[in-house]
Amino acid sequence: MIIVMRHGATQDDINKVIDLIKLKGREVHLSEGESHTIVGAVGEKVIDPREFELLDGVKEVIKISSSYKLASRIFQQEDTIIEVNGVKFGGGYTGMIAGPCTIENEEQIFECARLLSQSGVKIIRGGAFKPRTSPYSFQGLGEEGLKLIRAAADKYNLAVTSEVMEISQIPLFIKYVDILQVGARNMQNFNLLRELSRVNKPVIIKRGLSATINEWLMAAEYILSGTNREVILCERGIRTFEVATRNTLDLCAIPVVKKMSHLPIIVDPSHGTGLRDKVVPMSLASVAAGCDGLIIEVHNKPECALCDGAQSLYPEQFDVLFNKLKKLAPVVDKTMN
Amino acid sequence: MIIVMRHGATQDDINKVIDLIKLKGREVHLSEGESHTIVGAVGEKVIDPREFELLDGVKEVIKISSSYKLASRIFQQEDTIIEVNGVKFGGGYTGMIAGPCTIENEEQIFECARLLSQSGVKIIRGGAFKPRTSPYSFQGLGEEGLKLIRAAADKYNLAVTSEVMEISQIPLFIKYVDILQVGARNMQNFNLLRELSRVNKPVIIKRGLSATINEWLMAAEYILSGTNREVILCERGIRTFEVATRNTLDLCAIPVVKKMSHLPIIVDPSHGTGLRDKVVPMSLASVAAGCDGLIIEVHNKPECALCDGAQSLYPEQFDVLFNKLKKLAPVVDKTMN
Amino acid sequence: MIIVMRHGATQDDINKVIDLIKLKGREVHLSEGESHTIVGAVGEKVIDPREFELLDGVKEVIKISSSYKLASRIFQQEDTIIEVNGVKFGGGYTGMIAGPCTIENEEQIFECARLLSQSGVKIIRGGAFKPRTSPYSFQGLGEEGLKLIRAAADKYNLAVTSEVMEISQIPLFIKYVDILQVGARNMQNFNLLRELSRVNKPVIIKRGLSATINEWLMAAEYILSGTNREVILCERGIRTFEVATRNTLDLCAIPVVKKMSHLPIIVDPSHGTGLRDKVVPMSLASVAAGCDGLIIEVHNKPECALCDGAQSLYPEQFDVLFNKLKKLAPVVDKTMN
Amino acid sequence: MIIVMRHGATQDDINKVIDLIKLKGREVHLSEGESHTIVGAVGEKVIDPREFELLDGVKEVIKISSSYKLASRIFQQEDTIIEVNGVKFGGGYTGMIAGPCTIENEEQIFECARLLSQSGVKIIRGGAFKPRTSPYSFQGLGEEGLKLIRAAADKYNLAVTSEVMEISQIPLFIKYVDILQVGARNMQNFNLLRELSRVNKPVIIKRGLSATINEWLMAAEYILSGTNREVILCERGIRTFEVATRNTLDLCAIPVVKKMSHLPIIVDPSHGTGLRDKVVPMSLASVAAGCDGLIIEVHNKPECALCDGAQSLYPEQFDVLFNKLKKLAPVVDKTMN
């Protein structure tokens, strides 16, 4: 941490800063410039910059050590590549995940699986436990849903991903699912993250609606801090003042994350935009920006979907899009798979 | 729901809207204006406005039924007043809660309890389980902490409030605590909210960092949807572009909530500003704006606090503030208690 | 405008709404639903929805007529295509504009012009009047700068675009420049916009840092409301809570604008990201999302630039990018020119 | 400026940073810590932190010198007190300004002046040139309006404030008006600000919708950089994701500004909330938070106002509020005048 003293700070002001650094168990590192004195607080002990901001004569306090370690590019230079059912995410690979928002019934999920498999998809998504803003909305089929998607996936040789909402559901997910998802609203449910650090299956962690990229990487760090090494970050839009779209998809997060971290980053253009006709251009843009994967909502009959039909693609629309993405990826030195 | 057709929409466009409304199980309600045709979709079945936005000829789609019922002023006209240890929140009353961010050890929590009790405080706060952005930060004393705060509170005739983070912790909180808190990061942890709807103790629900007032009231609705009737809303700052303060305290939420809901609303100026010297003016402003309570961080030795010392008041600072608030409250027809 | 009455609103409440509509010179349009009465206010007279929100018994008030007309797709179905120096923006065409942030001196601007011309660029950008946050920063060369960029452009057969900041500068711009730019900070400088509506040269209007897409189209409407028909919208990032990038580039604005308006929309990835290494992926993403043009900062020696060097590409970097974009555009049925 | 090198940065990386600092004309100031090397760039020459962010081995770059000088508390310790028509803003004084949004006609403005004068108001506001989002809305009476408000003010011994939108309007304002206002949309119209630095009348500068407090103080610096010493800052709400209110009134800006600057800060709760019933609690909150003044919209017949009637108080409502504020101010050691 660096404490920059105001122009005109007294020796007494500086001494108080030094005393507090020592009280907090860090080493002092003083350097007097022409117009400002700068005091460094060296060491590993956690200290709160705001305590120094409150002292007289202090101009600014700057934290310098990022708190994530295992998630950073410094810890690991080369890209983490995660492979599930032959599909790779990271490095030169852009993986595809598709499926309905929610598992509704046997016919729907089998039909979705059949259609997606025909388009060449290898990993299906589908919600069994749904986080709903209203307590009166449909909350998902629960375990029954997980059984159905597993059966449908097995029939068509697909892997499965679904969202886990609660620690007590983890054993079910280990049984039925290949990739676990943490939803945006749970990105800072630290107890859940810690339990997932002991699971040995890949975890997709969605960015919270108002999470900075730094906080998102800290959430990944929670999962990495156990034995789990397979974390996939998923950009799905942030909340801003703009109301024309459900969220503002922050595609610049892709190059930012790729510089800071070795973890793969995928994009969810369905939740990120909230409207079917925006999903196609935003999928193309995501791949052009260098993302490592996409997770797209596709429904066999979107107009009858129980949830989020408006942001689900028609199967034939998806098929055209997937082919376009395969053509686009090589332009940016990626392979869509 | 109301669907406004574009100027120039064809009869065919209108028919498709009508068909979709019927498919979704709602009644159609047509009215043709001079420049726009307006189609109402009457009934209780849940439908997603975006499905209509995607149809040709549709200009705008407007949802009209708010999803919260039990939390609304229409359901209950008069203010809910919640009383704990003789302190009232709501109606003409502004209640005070104070205490350290975290329970650190026996000496600290007993000393805080003693000092606050001397200032006339009747409800103490203190965290036992801490939601920390970094997995490497201090995570709280857990049950041991709850035991300590209970003992300290009993000695000085105080009630206790503390944050519950996980469903599995609820039995502990029922045992040791008088008011349960749900933190901002858990505001949409719907599984936790549902469990709390069966607890018969008051619950403070903090506003999420990027939660609209509507979503916040929906979270309250989750808790009210069981047998629990005692929910206190707590404004604690939202995330905006401004970086001069930790969060932007949205004090206008006070009159907005009071118009929409009968539930008491309190303010947490400590987390809402993040700096001790802003806590005093924002506490005064909150009471002037008509809030039903405050929850303020006070520590016997802020400069030694393990967590959030920079936003904790000194006991003597708090004492002066509490007296000022008692003088200010009557100007806005409130009684500080 | 539509006024939705609360469930339980009295006849008296409804009558007051009707009276106010009539007082405001609009026709009343009443329809009583099962749970809500809906009152329409038909006509062209401007009324403020908030006046109705304040009345008893009113649940919600919805404005339905968008205020922009000439900028909307309803007014003109087919894309506006703007051509400058043989480069087309709009329809199936994606136009390229490139150049330094600021015109610094003769050598720099001629060297930039030479290098860009070599890469196939036909329109050069460069600031002569600079909007600077600090009164103590370099404010641009003024008319001298415009003369220099005109001379350099003429030598290499380029067209010129530059930012106009003030009404009194317009005559200078008409003399030296082919496309006028309105900066983000002036997007709602309505007096300036009105003057530009009488200029018969294309105008690029940048989106304000916190402007909704609707407000941005209203700003375009100001320019269109005179005799000027050539407006190009330019997305350049909005302000959000995220601090990892200078702004949040809102690429979903591209499909949103293209649905609402016939005007071409281009992207400025240099200001939109603020860092050179993010400009390349965001340029690719913009074209993949279907934008009608790009405006990119390129400097012959970025590390010596007087302004924004950190977001300026090296000429060779730009050259590689431009070629990549030409390969990418056809995948989304566009021609880069 | 301070450049923090990454853990593991090479000597070569450090040398390149040093070379760039020297190239930019600043002195180097090196200090090697245990885990990070820190390089200071000392001197007054303007440099862009982002140029260093792009270099290898650089972890973070921190600007330390704030760019505003004349506006800062360091330049002037004691509060600036501005007095107009006997009303003081700043120091221990909270001044009141009130009046209609727009000057509509002779009868209206004279009636407003009479009523406000009766309540003890000494400074009247009223718009003559209106910044309107739509080119088709009422744009104000122009000079005719300024004449009317001057005459009304003279009759009732009031001072006048009104918004100036354009450099060419300044002479008119000097003739008719006592305090000039710069609107939120013009906060970064730097040409206008520079002209106002040569005017010798107080200027109220409203905070831009998405302006940080730092940018706002920089805008004040523009005005102070000439001969004008009388700048009043006006908080009027910022743009956030919340849609329940027109803007989010950031009252914590009051203590933040008062710590950083000696300039008086007032609040406009009318634009800050957009609804009459929120104006009263937010006015009380502003004074409790320690603001130096209020500017409130009051109209003799709000339901007939041409503009913003929904946020205008009734004269009798204002009268009650003003009296309440006079009782509240002494609780926070202020005098309402």
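Which chain is which? They are A, B, C and D, in the order written, and residues in each are numbered from 1.
The working rule: a residue touches a chain if its C-beta (ideal position, glycine included) is under 8 Å from a C-beta of that chain, and two chains touch if they have at least 3 such contacts.
Everything numeric here is computed off the predicted structure, so don't read it as measured data.
J.: From the C-alpha centres, identify the chain that is farthest from chain B.
T.: Chain centre farthest from chain B's centre: C.
J.: Would you indicate which option in B-C, A-C or C-D repeats the interface seen between B-D, with over half of the contact pairs matching by residue number?
T.: A-C
J.: Per the definition at the top, count C-beta pairs in contact and tell me whether A-B or A-D has more.
T.: Ranking A-B and A-D by C-beta contacts puts A-B first.
J.: Measuring from the mean C-alpha position of chain A to the mean C-alpha position of chain D, what distance in angstrom results?
T.: Centre separation, chain A to chain D: 38 Å.
J.: Give, as an integer number of Å, the spacing between the C-alpha centres of chain B and chain A.
T.: One centre to the other, that is 26 Å.
J.: Mark out which residues of chain B touch at least two other chains, giving numbers and ranges.
T.: 210, 239-241, 243, 277
J.: Using the touch definition up top, name the residues of chain A that touch chain B in the complex.
T.: Residues in contact with chain B: 20, 23, 46, 48, 50-51, 53-54, 67-68, 131-138, 165-168, 185-186, 188-191, 193-194, 208-210, 215, 218, 221-222, 225, 239, 274-277, 303-304, 307-311.
J.: Could you pull out which chain B residues touch chain D in their complex?
T.: For chain B paired with chain D, touching residues are 210, 212-214, 238, 240-245, 248-256, 259, 272-273, 277-278, 281-282, 284-290, 324, 327-328, 331-332.
J.: In their complex, what parts of chain D are in touch with chain A?
T.: Touch residues, chain D against chain A: 2, 4, 6-8, 27, 29, 31, 33-36, 38, 40, 42-43, 59-60, 62, 64-65, 74, 210, 239-241, 243.
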